[in-house]
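Remarks on the structure that follows.
In this document, chain identifiers A, B, C and D correspond to the written order of the chains, with residue numbering beginning at 1 in each.
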């Protein structure tokens, strides 16, 4: 395969990001077609990035013999079905997270992918951020010895609209899912037990909608590593994403990301500008990197860097966190029969 | 009271620190006598700081009409009795932490102090560190709004000898007790429930001695604030003491403390020297400040900044943490009848 | 003008960078043709970025009626002639720095541009770096009050080959020229007098080749601001680019740039990875931004952000620095008749 | 000598600091007497630090056989005479900087000290700051290789009263003198040539009083190292003292000093508190350390760490800086006959 011929399903915010990434001349891929329920959106993206074909119908892309791989950027409820259709049609698949919120639907999708023998990559873009990649490398290389304690800080600038909160699947699935993946990615081990302390400290409306907005989730890994995830739907100063790991030989930690490094000292304070406030700015590079990684896996015929299994684990962890919070006790992942099955 | 006349009970490491602090000419106090089971140690400190009287017998100090206040720096098992004796003799008391590991003994001491109408300050010196004091001020002043999440990192450079571990009362009482106090000091609220995830990741010998060496303790405050304490008996790079609070209007965090601010950039890395490695260096200023605060409370006849009640709470929290770890579940402080009683 | 049709003269390192920048779908430009003395190099870049035409002859690009603007990325000795040819052919021009080392040739080029009424932008890409742009904004907005002192640190990781040193025009023209531009860009004032202290501390071979490798250049601006430029052909830890300005209301400073923000603490030191070591990495964003700015100036018909005059000033400053170093005295820019003439 | 018996001449601000330092029980010294033209000031200090004798007359201290050493903390114009008197009386001498502004008077004092065979230490306290000491160590140990470039930033929070400016000897003598010493201390080499660019950017009244308030001073060392000193009589954000050295193997730099390490992130900015604003706070530790060093040199009979010659050099450098500024040219230290003489 010389240039991967891609079809894009979904022309929303994230579809646009991926369309831009694959249009980079240094990426060995060429976008062939794009589809969206909102045809205007698809037309606009096609025009901007010179994508030759636009269609209303995802199946046209999934069945196009001139297309090697599809990027699934549509709404979450369509992911697992599209994965199945794409796999059956022999397409390699890049799918946005989460695969689904239902383990059986996830498993059906993963089975279909396995049988079809196609490649699947899940959109955990943060793995491709230079900071987090560096932390993982410190663990892999033994630079900090054997990990013992891990902390993830992951805070959004402001809560989403209540209408969104109601359909989001809840903070543990909508927001923490990225952090669950990050925890496994960094420690390179499986989580056995989860304890979620959470509450409504940001906005009582979120509570009325049945969700929490503030949480500390404790993870116990099989190796004995103890980790925490700090989640808040609101941080006055903006988006905040940091990690820290203590190992037997030392620690590694990453600070938040800023638009510039300027320090201003005045008669009142020593200050810098607010951090990069939007995940699209903060993770711009990682979005481009994950697509490059996916294309490279196809061109070189190597495994993808984020597998379907990697996409399944955080959903299971979300289920355990939810139950832990609801029942006020630590919950083992083994409690979920489906988990044991795999 | 113009100059507070002090007696020092205990001439060990911490007794020496306090003897130096009260010898500072800018402190309105004068050390009158010192005692230690090891008379040589007491003689040595007396000579160095010009303390006129040395005795083998603490009761000589406790009953000396020329002494206004005593600093109890002896071993933990003697604290509550000495507090009672001192209080009955009408002495104001500065006592090292912890008061005791037994709630009934603590309560007896606090009752005696109360009846005697003397002042009591417990040696939670970290409250007087400029970094932590600044964090508390940010909470008190509303600078970061209403607190929501709190994290304390508290790691020792290396574990104590196993012989010490066996008599230490366990990590939750010996080490976390400082962090329990810090949590209450910073958030200025009471803790309702504690969940302790812990294990032996540093040294299996510590486990054999019946203790843990690594822990993450989750705290739920009455106000809903969720906090964590990260404890490790070993950090390869040295002593590490940091805190972070997220509030409704922003966050405040403090970094670790270093002997200098020099940054060296070479062909291999950009680096700085290791942090202040010993708690006596790291907290030198706070030890001096706490004594100043105690003397000031006597001279000005104001309440002490760390009360007997402040000394009782962390012991209760340690009991909850221990039970939580042993039973693998969150534990409410109310489970301890004695706690409810006060 | 909807999409600017561009011709690229020079397919070397910097030509490739600009070819990539203008291939970005979000830039309103389309590369039409490329030329290089080394036709293979031009072919390769054309293939990579889908540039339709390749030619051996720059004049074919300069005279192509379907081309609106040219990017001059060839060797310095060809710049002024190509500017003249392009201007006469009515092309807008983006030209790499420096325009030339000879004031009369620069002036001839600027006059030709002026008469032709075309736009000219000089490739001082660092102006488009987010850090330096932020510093300039602090000056422009009055955030730090009236500037008083300014420092620029500008160090290369390693000296160029001696063969290059011999034809480079000397460190003041080859390296400091960027810093001279930065000084004027940040302070937004003209320099009156220059004093250059310099020497050979890196490599005596550079001295034998008639050049210096280490310098501190003091600048006196008309407004009284005093500035320094620190230049070294070698910094063991890598590329280093920082600025600091002290004004009446405060200061602003920028640190060096790193590939990640991870801090590793071990038993030996607290360290981070080395800075971004290559100017192509360090300034990747600023190269893209300067091309965007040029294209925008053409599309919107506004003045370019870096004018021909901006390209002339640093050459004059280089002449003064050279004379100052050779004669061991401060040199006023007025000493150069040509300078006064404009 | 077991405990050095000290007399203190001058009970002003700096006299008080030294009185406190020598009262520290861990210093092998005992203050015996204090004198000041203002007897009340001397009485007050004596009472506070338990100094037994107070006198109006410095010669009583200088001739007291029970006094081993004197601390000269009186006004600059009295320094050289007091040094001579003290030396003739066989006292070891600690003298505040500068020795004098007149080379011949300095030389007379140094000759007298030499003949008397007593020890002399000059009060360049900054050498004893942990940051600057660390930088010097990096040079001495070869950690950064051979030095090439050096920068000192030294800014005061606000200019002194005009009345003081008039008698201060000028900024180069009053303020830069510390930085001249620091430059020599860090690079451990002699300066050959000085170029001072300076002006009145802070307050025109300072100019009317015949002084400058803003300067960049370029130093050329014998070894070829090029250095700069950045001086400002005003920095809106407070006291600012930093250094940076680039050597063949790397660089070392120190940041400014702050009262705490807390970082506050709000919806407006990420900030920290202002730096330690007063030299007494910033250098508290270094003042104590220099007295310790002096006492140790007496007790151990070793050379003092800051010699009379070290006190002479910065005055000579001040003279060169002044002439350079007045004549607008680089000035070699050899221009001063007296300099050559030694």
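Rule of thumb we're sticking to: a residue touches a chain if its C-beta (ideal position, glycine included) is under 8 Å from a C-beta of that chain, and two chains touch if they have at least 3 such contacts.
Computed from a prediction, not measured in an experiment: that's the story for all the values here.
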{"item": "Neighbouring chains common to subunit B and subunit D, by label", "value": "A, C"}
{"item": "Shared interface numbering between subunit B and subunit A [over half = same, under half = different]", "value": "same"}
{"item": "Whole-Å separation of chain centres (CA-atom averages), subunit A against subunit D", "value": "58"}
{"item": "Where subunit C and subunit D are represented by their mean Cα positions, the distance between them in whole Å", "value": "43"}
{"item": "Intercentroid distance (Cα basis), subunit C paired with subunit A, Å", "value": "39"}
{"item": "Sites on subunit B at which at least two other chains make contact", "value": "235-237, 249-251, 265-267, 273"}
{"item": "Residue ranges of subunit C touching subunit B (in the complex, touch as defined)", "value": "235-237, 258, 265-275"}
{"item": "In the complex with subunit D, residue positions of subunit C that touch it", "value": "145-146, 148-149, 151, 155, 195, 197-202, 214-216, 218, 220, 224-228, 230, 232, 234-237, 240, 246-251, 328-330"}
{"item": "Of subunit C, residues touching subunit A in the complex", "value": "20, 23-26, 48-50, 130-131, 133-135, 138, 143-144, 249-257, 259-267, 273"}
